[in-house]
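Okay, so chain A shows up in both of these, paired with chain B first and chain C after.
Entry: the complex of A and B
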């Protein structure tokens, strides 16, 4: 599979330790690629380089083999872009804005666009200046998606959307993915990354920390359980006997955390049934947990 | 007449009628004085009759009787008057109580009464009323464009209501918007900071405006890891938001209006923010908070209002929501045989999925032991807990059948 976006040794130093440093990553054609990081870690800066708004101090960014900065005009034709902060030109109503946008993109058939307007429940007749944050965000999504480009660059696309609209947006992304489109998006909402992304890259303080692929998750699924025992001796003897990985025990609360491979779940339940338990809960191993662990440990230097 | 007056007051418990009675209180008072004076004259007359020179037995008796009548009248007058006054005080209590029950300005720190602002096209807010008590965190949930920000902007006095009123601490928000700006911490939904200043100089300006003490500022900057170096123009949205957060809390205001405060903050900062608001709540701050992030609403709010198409459709207490959240497990079985057998077990099934050999059961901690023991008899493919979320509880409020026309 060829790469839709290639970033090599990209560095942009804003001074005082801010900026992005030595970024190298590829986004394959047909892939949904997520970008996660704390505020100010460089997500928007990365996306703005791919859009060709910024020129790196060092390194290269190519989109389908085109240099993102030199061929910015070409790149923009391939790309649907939702910026992190939306400022609309003052062109009156939503209708006139979308018409101008469609004109620029040479879009004649409005069927898909009108479908989006209906799904996102936008009152396009309202003046842009009067639109709330969520409405503007929805307008920006329509503007980026209406021509169904090959590549999407979405900078925190769900900001300000209500939960129902967030689900619509996730559907939109997955539909485009099914058509073989490439999506590069940043987000703070792990659920939407889990629902869409093939790979998620974690960045912190302008450096890439890790890239997690969905396939890494899916290969050997584990579940984490938290068992509350009735007394200390049960807790200790279960911890000693079990074949699963105990990740933590607390003798005060009589709680034990255990990581169980899904294929061994029957065996685990049999082991556990030998003990009278006071409670059982289950924890999702999510991107969020992964992130919290990684970012928090990287901050304690 | 006095007695009649008294009875009428005693019989009327309604607060509005009480107001009329208060107006009647003055004539009652004057009447009581007049009667008192007359009684004194009668007593005096009695005394002068009985104590005059050359008094006979007849005049002595007559004078005494007239004197006693006078004294009696005085005593009765004062007693009846006191009784009326006492009733009046008693009524004032009822009046206060009625006011409080209506969510009167005596109690609610934030008061919105019949607020209407029609922007046309069915957009705006319509007859919105609610009140937030001192020390309460009031959540505002609703779809995009429902009117959350519009309501908040009215409370900040940025917008004049077409109908109805907004009050904070008893002040009309539109008439006293200068005062409101001073005493209320506001975090807008969309942050527009002055450009061309550095983060530091922006905060210095805000610090002066809010006359905020130094240590408070330092504490805020540290808590929210605010970047002050560099021009505001260069900052990312997240960093701008953190600046705005620090600015909103600087003056240590007692009332906070937070419009989607954590949107654009990274998850670590979101947690920091929630902890911070918890602390502010513990200090007795009154907070109105709008959000799309259910976990944050759940973690902070005492009451939650759902606003949709410009109208408040429901107000629920946090306790009600907690009650809804129960522990449920989702169990997937290896095959139909296992699934069918398990469905016969005496558990509380919330939902079954026969095609996927999957069940969802409600089981609190006390039932877990039995559940594990029962499951050992089955071939289980997966066993996970389903986190019942506030999202599911509220999701149907977000759904709308409204049709939106496209572009021709």
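Entry: the complex of A and C
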């Protein structure tokens, strides 16, 4: 599969440790790619580079082989964008905004756009200035999706949406994905990433921590168990002995969190049976859990 | 290099301001040129103050909205997420500003020509307020020249404000710098005028800090050629300022 977006050694240094440093990643055609990170970790900066609004200090960004900065106008023919900062041009009502936006895009067929307006329940006749945050976000989604481009760049697209509308947005993304479109989105909401993404990249303080692919996840599933021991020495000796990944130790409550590959669960339980334990519980191994672990370990470093 | 949808969007955002300033200019002009009581003050008050202040206010407010204001707000993201090059955005906004300024002055020119045809202005009395020694009545050619030169000076101001709008990403810097230049332009020309009227040379010197000194009323009325040179300089400066603003906008990082 070819790459829709390629980022190589991209660095943008804003000084004082702010910016993004040596980003290298690919987004494949037809893939939904999630970008997760704390506030100020560089999500928006990354997306602005792909949009050609910023020029990196080092490195290259290409979209289908086109340089994102030099060929910005050609890239925009392929791309639909939801900006992180939502404010509209001073043109009165929602209708006139969408009409001008359609003219700028050269869009002639409004069937899909009108469908989106219905699904998202937008009153487009309302003045833009009077719109609530969620309503503005929905307008931005319509503006990005109405021409059904090949590549979507969505900067925290669910900000301000109510849970029902968030589900509509997830449906919209999945429909476009089913048509072979590529989506690159940043988010804090793990649910929407788990519902849509084929790959999720974790960034923190301007550095890439890890990229998790759904296929890797599915091919080698893991389960997290929390074991409560009867005494500290058992806890320590088991933690030292087990070949599985220990993700948390609490010597006060005598609890140990272990991340076990599903195919080794039997062996793991056999190993554990030699120890007298006070409890064993299971925890869903979610993307969120994975992220929190990653952030905690990188903070410790 | 030109985008009609963007032009329409810019027009929608700016037409009220444009219409109000343009209408005010035409009304004041008609009043000063037409009424017997105020006729002799036409050159002093209209061509020396109102006819400069109103377009300056328009230029100051609209130029920030053309580029910097939209970058600061983030609404420029929508224009630039469509396949429009930055240079197209710049040239469209520039064409908008230049056209509206020219239309403003074209309307007042026509207005003045009509009023002057009906009730011609006696130059001797009117020019005496500015210590210019001429006689006869104001001719159509002089009206066209006066408006041409004040329009050129206003375009220089427009170019400078547009340049700040293109250079800065924040409205506060763009309006701040443009505001200083506009303020100096107006105060400079007012001080200069008072200096000339009251024979205070130190004050008369102030007119040279104002872009409106490219509009040389006495040269036009007395028939020397200085006004042509000033007109050319004003237009060259204007082109240079528009070019700098456009160049910077096309190169800089945009926080959108």
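What we mean here is this: the second predicted complex is superposed on the first by the 238 of 301 C-alpha atoms of A that agree within 3 Å, B and C clash if a C-alpha of one lies under 4 Å from a C-alpha of the other, contacts with A are read in each partner's own complex, and residues count from 1 in each chain.
We adopt the following convention: a residue touches a chain if its C-beta (ideal position, glycine included) is under 8 Å from a C-beta of that chain, and two chains touch if they have at least 3 such contacts.
The shown structure was predicted, so the numbers you read here are calculated from the model rather than taken from an experiment.
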First, second, both or neither for A:85, with chain B first and chain C second: both
First (chain B), second (chain C), both or neither touched by A:269: first
First (chain B), second (chain C), both or neither touched by A:74: second
Per-residue touch tally on chain A - higher for chain B or for chain C: B
Which superposed partner A:60 touches (first chain B, second chain C, both, neither): neither
Partner chain in contact with A:228 - chain B first, chain C second, else both or neither: first
First, second, both or neither for A:148, with chain B first and chain C second: neither
Partner chain in contact with A:210 - chain B first, chain C second, else both or neither: neither
Which of chain B and chain C A:93 touches, first, second, both or neither: neither
Footprint overlap on chain A, comparing chain B with chain C: 85
Residue ranges of chain C in contact with chain A within the complex: 3-6, 8-9, 12-13, 65, 70, 73-75, 77-86, 88, 253-256
Footprint of chain A on chain B - complex, ascending: 119, 121, 123, 142-145, 149, 189-190, 227, 229-230, 234-239, 241-242, 260, 263-270, 292, 294, 327, 329, 365, 368-369, 371-373, 375-376, 379-385, 387, 391, 395, 398-400, 402-408
Touching residues (chain side chain A, partner chain B) in the complex: 14-16, 18, 37-41, 43-45, 84-85, 95, 98-99, 102, 110, 113-115, 117-118, 121-126, 130, 132-135, 137-138, 156, 159-166, 188, 190, 223, 228, 262, 265-266, 269-270, 272-273, 276-284, 288, 291-292, 295-296
Complex contact set, residues of chain A against chain C: 48, 51, 53-55, 72-74, 76-77, 79-81, 83, 85-92, 96-97, 100-101, 103-106, 143-144
